[in-house]
Each structure stands twice: as structure tokens, then as C-alpha cells.
Amino acid sequence: MESDTSSRMKSYVGIWIGLICIAGIEVFLTYRNFPVHELLAFLLVLAFIEAGIALMYFMHLKYERPSLFWSLIPTVLFVLLMMNQIWPDAYRLAKLKLLIQ
Amino acid sequence: MHETSEHAVHQHAPPTSFIRKHIFSLDHKVIGKQYYGLALLAVFIGMVLSWLMRIHLAWPTWPIPGLDKLSAVGAPAGVMTPEYYLSLMTMHGTIMVFFVLTNAPFAAFGNYFLPIQIGAEDMAFPRFNMMSFWTTFTAFLVMIAAFFVTDGPPISGWTAYAPLSAVGKDAGPGLAMGQNLWAISIAIFCIGSLLGALNFIATTLDLRTKGMSLSRMPYSTWAWFVTAVISLLAFAVLLPACILLILDRTAGTSFFIPSGLVLSDRLQPHAGGSVLLWQHLFWFFGHPEVYIAILPSIGIVCHILPVFARKPLLGPRATIGCMIAIGFLSYMVWGHHMFVSGMNPFSANLFSVPTLIITIPATILTLLLIGTVYGAKMRFTTPALFCLGFISVFISGGISGFFLAQPSLDTYLHATYFVVAHFHFVMAVASIFGVFAATYFWFPKMYGRMMSDTLGKWHFWLTFIGVYCIFMPMHYLGLAGNVRRYSAFVDDYLIALIPVHKFITIAALATGAAQLIFLFNLIWSRFRGPIAPDNPWEGTSLEWSTTSPPPFDNFGGRHMVVYQGPNEYGVEGTANDYVMQTSPEKIVTG
Amino acid sequence: MGKLFAAVVFVITLISVAIFVMHTWWLPIDISTTGPAVDRQMNDTMIGTGILFLAGQLVLGVFVWGSSSRKSGRKIRIFPGGATPLVTAAIILVGLEILTLTFVGSKAWGAIYLTPPAANSLRVDVQAEQFAFYFRYPGPDGQFGGLHPDKIDDGSGNYFGLDPANDIAARDDIVVGSLVVPVNRPVELTLHSKDVGHSFYVRELRVQQDFVPGLDIPLHFTATQTGKFEIVCTQLCGLGHYNMKAYLEVMPEDQWEQWLKSQAGQ
Amino acid sequence: MRSRYFTALAVAVLLGSGMLVFAKPPAGSGSITGKVTYTGTPPKMKPIDMSKEPSCAKQHATPVLTENVATGPGNALQWVVVYISAGDQGSTAPSQAVRYDQKGCQYLPHVLPMQVDQGLQIYNDDQTSHNIHPLSKINAEWNKSQPPGSPAIDTKYDKPEFIPVKCNIHPWMHGYFIVLNTSHYAVSGEDGSFDIKGLPPGKYTVTAWQEQYPAQSQEVTISGSEAKTANFVFKVLPY
Amino acid sequence: MSESEMALSAGQSGHGAFMEPSPYGIQSKKLTMWLFIISDAVTFGAILMVFSYLRAGTPNWNAPFRFSPSIINGMVMTFVLLTSSLTMLGAVEAAKAGRKAASLKWLGGTVLLGTLFAVLHIREWFHMFDEGWRLFQNPTGGPVIFGAAFFSITGLHLMHVISGVIALIVIAIGYSTDWLDANHVETTGLYWHFVDLVWMFVFPLVYLMNASR
């Protein structure tokens, strides 16, 4: 048990370093002068990878039964995905904004 | 390492002090009754508000005696001012949707019967359960307090569209303190509902007794479970929306307020927000909320109808599948409330298709219920009648959904009485019919006494015919273009429609009065009704395997073991025509 | 009791349907080029759902009637074929209805909201406020003056927030309380709201569109008949919501030009 | 019941005010008269379109004009409040309430001066609901609707202030409550003339207030029962 | 079902012989924490959507955060919060292995790091107040909505951090006095990691996307 714990802790430290590196990459990318949309895409992808790692390892979702993963994660993603239907509207907001002189 | 974990449920002894027993009780049965009582109080307040509104619409100059006592400003000499009409309308909508339709079929009956139906001794977290009731109760008090502040309750409707709801007193009376109280109350309500939903899900998943597999759960339990999942995610969106609204109102932010607004001749000091954002957030919650209101009632009817039809529900798996499908689809369709709201018109088609698709599971559910009636040996008790009434009303209300789901027709029908008719039929009346059925059905279990069937039948007939007289004509008004939320009809074409409104008002007053029969029946039967046997209706589910009313730990220390599904009615070759879920006998299917 | 229930359901259903069929209360005349498609869609939906409604209620009544039979020794009967035919029928029938309605209906919707206005449209600005509509024509110079919320002053009749002192284009803008348009000419409205959400609803045009504070919402229509029609607000906008209205006057082209001239002179 | 109550109240008010008149004769007999005029081109008053309220529209044969710069013949400027802004010894408010009417979707009068703590009664004479919303900043703000046939709103203001009044139902309805510390004031008529009476001898500052243009003041000294003249000229702009 | 899972499902109900096994084989408390987390994830999702929606709808957005001090501070805070997740993992692992003293030490570390995060955050807020930032004010001349969104989102997150710290303190005290057990530590750990997970979105969306470049 003892060695099990310490070996797990070792892997956690590895993951921790990895997460910090991803955060570092995010900052690095921010100053690479990408267009806003591309930057957003990169950052979101990295953030989702980070969140995925945190979910699976830090929050132990990987070690639970798969049914837990399949009950929770698709549900949240589905709801968040549905929320994206507001976007056509946000662009309309920018396009039709009352021009105040 | 596991022996230390436990649930408080299994350890606490029945409380003896009055406060622990009846007020701050951890017992899910008491909490269920508390929710029911709160819903009953709320429904009568909401009904009286609707009476006042209906009287004002039909006879706008009549002074209503006593109304000036409630608000001297809102109703000088008893004549309602336009803003007071809107105040009452807002409160009617809010109280009915949140404190009645969310509470009665879901929180009240769910709390009482979900643990019993799955054979548990209590909810998974009794303390959370108590907290969620008292949180909801606090929300109710805060909401009612809005009646007594200077300018009265808010006038922005139960949807509280920004910027009317966001800019404060310059937008009109009631939008200062009244609207603050509204937003705070709803935020508190969200917290209470989230706590409740967590508890329901955990209980359903973890506290099922031996043999109670998911597929053997009664339909009502399924419906409460699906509803809990919906509300867990829906209220999670309304909560931040309310917080942002409160910030806009009190802290000077402008999430929902664009720049350059002039209200009451004052240029508002806000900039940069979006009005449609509130509508998106609100309806992202609001549409699932509709299913939070109706799904438990569907489940209750699916549970009760077979008992009185003495035959199994048609298509058990399809029923549950449809409930889940409705829950799933409810998150894809909220934009149909916003077809003409200034939303991008392309999105309208995006929202219209899933909205129409929802009619498929709804139709299947209705057809299965009708198919269940086919060839049944119907016992026409009051709960059975309310179930049949539910089907009829649900059809009538659902049909108009076909119209409103289409953006091209919504350009004409949006914000007319057609919409009022639609959602009252399908969400309010249908849901309340489920609640009535449940009340007549479970009252013997809850109080150990039967309700009067004669009074119940009078109640049913008057209510059933009454609701058709109230809401069917509203379709015609809608087709004639009668706009809703008008406190008086001054347009030329609306004046011609006032006779219809008078008819509706009379029907509403009569139907409302018929509810007094119900109230009388409820109170009278509580003390004077004949003593109920343990299983008066010959039902199969677990609540009928215990005493009426159930003991503190629901089954008196016994551990129920389940061998059957909840659907074993009309079984041939058995002593009775049904097999209890706890009965180990083998059923020969032929 | 079952027979009584069936009878009551029959009576309610028949009376309801009869009133729909008799068109006792119905849509008013249609004066818009995009309206007939909406009306057709309304009729199709009415027929389709009417059949569903009738069938649903009547079958419910018939089944309840049958289920109340007290014949002794009667056995329960399961619906022939069980749930499968019902589920399949629902999916196919309702699915077909949905598909048809969507395809036909999205055209009617698109004609109103997804097509650009014609090039020769008459441009009119609409300002909605608590609780009135005001309409602005560009005047002889054909140009609208800019909008300045800080200049809005109802007391002096400056409902739009024009700044004629500094803005020459604003000086000849015609601001009136009724929407007067020539017949058969496309009209392009730009909807502004001064304060809260409002809505532009003319029953006869079969058009409804909210005003969104902070946004300029476009809307276009062509009126095909002359006459005076009511514009009402359908979006809850405050205490005077019920009283928020204006008139749409559709005039022959020459008469309209005269009207415009007389307004410009004032 | 209610109407009898009001009759009794009205009689009492009349008697009371009559007695006050007898008990307290005017403290002085000096007066200030004059005329308010303008120079420049005044903005054109716009006709008000009341078509959304037919019951009001039909009360006016020709459209009513906006009144923010109301002019009369001979460059007269109407609705200018001329009052003693300094030098007045002050007096208690008269018990006679001032009356404000909503008739034909207009405020009558457009500008209503009153004294601090003087009663203010607001009547709705129309067949439609009105909403009366005085946009006060110093005094407490309120916003009330008055359905047709409901009793008069009875109120008063306890601090001096120039309060714009608007109807939230009919956006064109605009007026002013002028709450003053003095009982010596007048409003210029259609011909621009005004007349402040009953001034005891003393040195006064007379101020003329117009809703759109900056206020003007003059020093006037009154000795005995003389009648002084003070004219005011406002510079107006076409836009 | 493996033996440990059996024990788990038995453990969660007290008398597993009479119960259906839990479908996920985890304690009700942990399941409820998961449910709360998905609900809260939707809440944060909604509020980040609000921010992004307003940003997409504002044509003249100016990114106000300079590299120093804002982004550097954000990086430090990210580091602190990530590290606190690591110490939390230590606490959970130690508690599971029954090494209570070690677990309490790790918990203490987590509390310290959590507090440090909150302090850094509040310090940043005060710094911004000094610059003239308010809920309704943007000293850089950009859209005022940024101030509102920034303070609301980070405020909501900060509230989660602070309540997490309080929860950790309560859990630590309870655990040391045997009132609570290792499972409570694990459940609280889930919450703490979730707070960290939210920051993984807040940092890029609110800070990095608004870094002036």
C-alpha cells in the first residue's frame, strides 16, 4: 500500500509538471500574435486537455467505473454544447449594434 | 476503512419534540407534506390573483372591495391601476410556476413517495432535504414580501425580461424594491431546488432496496428522477442569471443593459450589455422548467392509470424512453420562445426542428396512455377520472404546440392568448390534474383516511368542464390577435373581443370556486374521512406494502425485497388480478 | 361514469372544433405580400392538428366508453400488437407532419425574415418608447439625421434624439405618430427602442418583430391594400403596455406623396 | 359616501381659507409687473400626434402643440415663472390646495407654481388611465397611475424644487411643478405679462425661470405700495 | 464485481445485503459531489458564455491586461492553485492509506496554498481598484462590461476557493478528531480539484484572451 501510494504520488507530480507546462504554453501562445479566433481555439483546446487530465487523474475519474464517466461527462458537454446556440446571436449583436454618433 | 461510513438515516430515532417532528423535521414524509402545504398555500394565492386579474379584464372599472386595503396605491378605491394588474400578473406567474408547478408534483409527492417506492427508509441526505424545503420556504417569504413594499410587486412578468427588469425604478413602479425581492427570491429558490435535485438523484441511484433494479422502478419514480436531472442542470443556469441581474440592479453593472437607454427622461448610466442575453439564459432554464413542471405529472398518471385500468401500462420501456428523450430534447429548444425577439432569424429554424421533434415522444406517451385505456376494466374513482382528464387536457394543450413551434406561425401567434391557452393547458392544467390525481390517490397513504369520492367527482367534473371553458376560448382570442399581458383592452379590434373575456372570467370564477370543494374535502377527510386500509386501490408498488400512514422508517424495520415490476395488473391465474412488487410468486405470461 | 366521461369529451371536442371550423373568431384580412404563405401554413397546420386533436379525443372517449362496460367475466384486452404499432405510427405520422410543416413553413418564415428588402424600398425609422411608437421619414434630402440618446426630449417632441443644431440631415426629418405608407411599395423599417423591449405587431401584415434596445432591427413588408390598421405592442414593456399602439395607414401612392409633402411643410 | 366626504372637505377648505384671508390681510401692497419676451428665432412648436389615444385626440379640433417654448404675439414668452428668489421674509403655506388637471392628454396648467407644504391635488378628467410621475430629485420621487374615476391624488412637497412631470403612459404629456419658498410668484401669460402682488417694502431679487433657457434675475427695491416694472428678455435659438 | 467494490457499495448504505448495489460503486456522498460538480460546471459554463457572448458582440474590444503585473500574477496564481491540487492529492492518498498525520500535513499545505491564492487574488483586485477599475468602470477606455465580467467571474471563482478553504479546515479538524473519515477528505478533494479545473478555463479566457499584445 505504502509503495503504491508513493508511486502514485510520483505520477501525480509528473502530471502536475505537465499541467504547469500546458499553462506555460498557453501564455507563450498568447504572445505569438495569432489572430484572436485562432488564439481562442488554441487556448480552448489546451484548456480542455488540461481539464481532461485533471478530471481523469486528479479527480480519479479514470479509476472509477466507466459508467460514471459516461453518465457525467457527456451530460455536461451536451448542455454546454447546446448553450453554444447563442453564438449566431452574438454576432448579430455586433452587426446591428445601434450606431450612436 | 468502510465501516465508519453510514447514513444518518439509519441511525436517527423518531423525534419526539414538536419542532423536530413537524417543523424542522428530517423525515422525508413530513418534508413532502410541508412542500405540499406550501404549494397549496401558493396555489390559492395564485388563484386569487388570477381571479382579480380576470375580473379586471372583463369589468375594468369595477372597484374590487378590499383590494385598496392590499394596496392603496395599486388600487385606489379598489380600481386596479395598469401597473397593479401587471404586478399581480407577475406574481401569479412566478408563484404558480415556481412555487406550485415545481413544488407540488415534484418536490411534494417526490419527497414523500420516492423513498417509499424504492424501499428506502429516507432520502439519502435528510439534512439537505430539510434545508432544501426551508430554503424554498424562505424564497416564498421573500417573494410574498414584494406585495408589501412601497411600490408593490414587480411588473416585468415571470420572465423578467431585461432591461425592464434590470434598470430599476425609472422603468416603472414595482421595479425598484419589488424586482430586487423577485430576483433574490428566485436565486434562493434555485439553491433550494439544486439541493433537492442532488438528493433525489442520489437517493434514486443509491438507496434502492434489494431487487428494485432501475427497470423495476415505478414510472413516477422514473419521472421524478428524470426531473431531478433536468433541474440539476437547468437551475444551474438560472442561478448565475439571477445573480447577474441582481448585480445589474444593485451594483451598477450592465450585463443585460445596452448603452443609450432613456427611461423616465433620464439617460441611464449603463453601457455594453445585451438584452437578448437575459432571454437566452432565462429560456435556457425556462424551457426545461416546463418539463420540470409536467414530467412528474406524466409519471404520476402513468403510475396511477394502470391501477384503475386494472391492466399494465402499454409500452413500459417506451414510456421511460420518452421521458428521457423529453428531458434530453428540452435543452435544445429554448429558442422557440424567442423567434420574434430579435434573435438571429437563422437560429429560428435551428430551434424549430427539435421543438417539433419533441412532439414525437409526447405523442407516443399520449398514445400509450390511450392504448392503456383500451380494453381496460376501468374503475372510475376520482384519481382515475383525473388521469383520464389529464390525457384529454394534455392532448388539447399539446396540439397547439404544433403551431407555436413553427416560426412562420409564431410571427402571428406570438404573445397572443393562443400562447396563454397553450401553456396553461399543457403545463398548468395538465400538471395540476396530475397533482389532483396524486392527491386523491395517495391521500389514504399519507393520512390513513380516505377522501370523499362523491365530493371528488363533483370537483373533477366542475374542474374538467371549467378548464375547457376557460382556456379553449383563449385559442380563438389568440387567432383573432388578442395580445396577452394587456391590463385593459383599448384597441378597436380588442374591444370587440371583450364579451369572450367576460365568458372566460365567469368560467374562471366558477372553476376557482369549485376548488373550494377540494379544499373542504382535503380538510374534512383529514379528520373525518373513513379509515383507509393499507392498500385501498389494490396497487402493486411498495408504498402499498406498508401501513397507512407509513411508520417513521417507512416499513417498520422490515427490509422489502422486490421481485416484480410495478406493472403487474390484470394477471391471470393469481388470487387477485394483480401481483405486488414484493410478492415472490412467479408470473406465468401467456 | 365512463360513458358520462366519453360524452363530455365528445361534446367539448365537437364544440371546440365547430368554433374553429366556423371561423367565428379568426385571422383578419391579409394585406401583406408575405401573409398568404403564413395563412396557408396556418390552414395546413390547423387541418393536420385538427385531425390529430379530433382523433385523439374521440378515440380516448371511445376507449373510455368501452372500458366502462360492466359485463361480468369480461377480460382485459391488450391493445392489438402492443406498444410497437402505436410508437411506430406516432413516429411516422407525426414525423411526416413535422417534416412537411418545417419545409413549407421555413419558406414562409424566410420570405419575411431571411430575404433582403427590395432596393426601391421606402425607408422608415421606428422609435418605440414607453408607451408609443414614433416614425421618421428622411425628408426631402433623403437622409436620416443621426441619433443621440442624450438629446431625446419628449417634452419638446424630440423622440428620436435628433440634433438639428449641428446635424443638417436631421433638420428636415419628418417625425410622426402614425406609419403612413404607399400601397404596393416595399417598406423597410429599422426598429430602434429608446428604453425597453417592445414589439411591432400588425395583425393584417402577419408580422411581429421585437424592438431590442441597443440594436437596430430590420424588418420589411409590402402592403397590398389601402386602409387604416392598428400597430400594437406585444412585448411587455411596462405599465402602459396595453395602451401602446399606433396606426398603419396604407394610401395610394399619389395620396401618400401629398401627405408627405404636407408633413414636410409643418 | 366618498363624494360626501370630499364635499365636506372642500367646504372646510373654503371656509378655512376664507377665514385666513380675513385674519391675515396681505402684508404689503407693493407689486412687480412686467412682460417676458424673447429675441431671436424661437423653435417651431411641434404638433402632438395623439392618435394612439382616440379619446383625447377627439377633444382637440387641431393638434395641440408642444409647450416647451410657448410664444405669443409681440415676441411674448409664455409659461415663464417669475418669483421672488431672495428678500422675501417667508410665510406659511396657504391652506388652499393648488389643482392640477389631466385633460385631453395635456397637463393643465403646463407649469404649476406652488409653495412649499402647500396642498396639491391632481385630477384625471379623461376617460383613460393616466400616470403621473414627477421626476423630483430633492423631494421624494413617486410614480402613480390614475385610472378614470379614481379619487384625486392629494399630496404636497416639503422642499423647494423645479420638478419636471411626465405621464408614463402618454409620453408627450410634460409639465412642471415649481415648488417655491415664497408666496410671491406669477406665471407669464400668453401675452408674456405677469403681476406679482402684495409685496411689503424691501429689496428683492426677482427671478424668471423658463424650462429650456437659463434663468434670469433682477434686483427690485420696493418702498411703500408702489408698482415696479421688471421686464425679462430671453434669448432663444431655432433648434 | 471486485471485492473492494462490493465493500464500497456495502459501505455506502450500512446494510448492503438489503440494498441494490450502487450503479457506480461509489459512496452517495461522492456521487453527490460529482453531481454538484457537473451542476456547478454548467453554472461556470453559463457565466463564461455570458462573458464570451458580450465580448463577441462588442466590436471595439480592447485587451487591458499588461504582461506585468496582470499576466505574471495570473501565472503565479495558476501555479499556486495547481500546486494546491497536488498537495490535496497527497492528503487524499495519505488518508486512504490510513496515515492520518501525513494527510493532515498535506491538508494544511493545501489550506495554506488556497489562502495564498485568495490573498494574491484579492491583492490583484485592490491593485485594480487603485487603477480605477470598478464593476462599471474601465480606466483603459475600453468597454465597461469588462470590469463587470472580470469581477463577477473571478469573484464567483474566489468565492468557491474561499468556501473550499473553509471546508478544508472543517474537514481537517473533523478528520483529526475522528468525527470525519478518509472519504470526507476524498470528497472534499474532488471539490478542490474542480475549483482548480474551473481556473484552467478562467485563466485563458479571462486573462490570456485579454492580454494586451
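In order of appearance the chains are A, B, C, D and E, and numbering begins at 1 in each one.
In the analysis below, contacts are C-beta pairs under 8 Å (C-beta built on N, C-alpha and C of every residue); 3 or more make two chains touch, one makes a residue touch a chain.
Predicted model, so just to flag it, every value in this text is computed and none were measured.
Look at the CA centroids: the one farthest from the centroid of subunit E belongs to D. Averaging C-alpha coordinates per chain and comparing to subunit A, the farthest chain turns out to be D. Looking at C-D and B-E side by side, the one with more C-beta contacts is B-E. Centroid to centroid, with C-alpha atoms defining each point, subunit B and subunit E lie 34 Å apart.
Centroids built from CA atoms put subunit D at 54 Å from subunit B. The mean-CA centres of subunit B and subunit C are about 29 angstrom from one another, to the nearest whole unit. Each chain gets one centre point, the mean of its Cα atoms, and the points for subunit A and subunit D are 66 Å apart.
The multi-chain contact residues of subunit C, meaning those touching 2 or more other chains, are 129-130, 149, 153-155, 214-215, 217, 238-240, 243, 245.
Within subunit A, contacts with two or more other chains are made by residues 75, 79, 83, 86, 89-93, 97-98, 100. Shown for subunit B are the residues that touch two or more other chains, namely 81-83, 172-173, 233, 237, 258-260, 265, 273-274, 276-277, 280, 284, 346, 488, 490. Of all possible chain pairs, those that touch are A-B, A-C, A-E, B-C, B-D, B-E, C-D. Interface residues of subunit B, counted against subunit C in their complex, comprise 81-83, 86, 155-157, 161, 163-164, 167, 171-173, 257-263, 265, 267, 273-276, 309-311, 314-315, 318, 340-342, 345-346, 348-349, 352-353, 356-357, 359-360, 363-364, 366-368, 370-378, 380, 385, 388, 391-392, 395-396, 399-400, 402-403, 406-412, 414-416, 457, 461, 464-465, 468, 472, 475-477, 479-481, 483-493, 497, 500, 570, 572. By the touch criterion stated above, subunit A contacts subunit E in their complex at residues 1-2, 5, 8-9, 12-13, 16, 19-20, 23-24, 26-27, 30-31, 33, 36, 39-40, 43-44, 46-47, 50-51, 54-55, 58-60, 64-65, 67-68, 71-72, 75-76, 79-80, 83-84, 86-87, 89-91, 93-94, 97.
Within the complex formed with subunit C, the residues of subunit A that make contact are 92-93, 96-101. Those residues of subunit C lying in contact with subunit A across their complex are 146-149, 192, 214-218. Of all residues in subunit E, only 7-8, 10-15, 17-20, 22-24, 27-29, 31-32, 35-36, 38-40, 42-43, 46-47, 50, 53-54, 57-58, 96, 98, 134-136, 143-145, 147-149, 152, 156, 181-183 touch subunit B in the complex they form.
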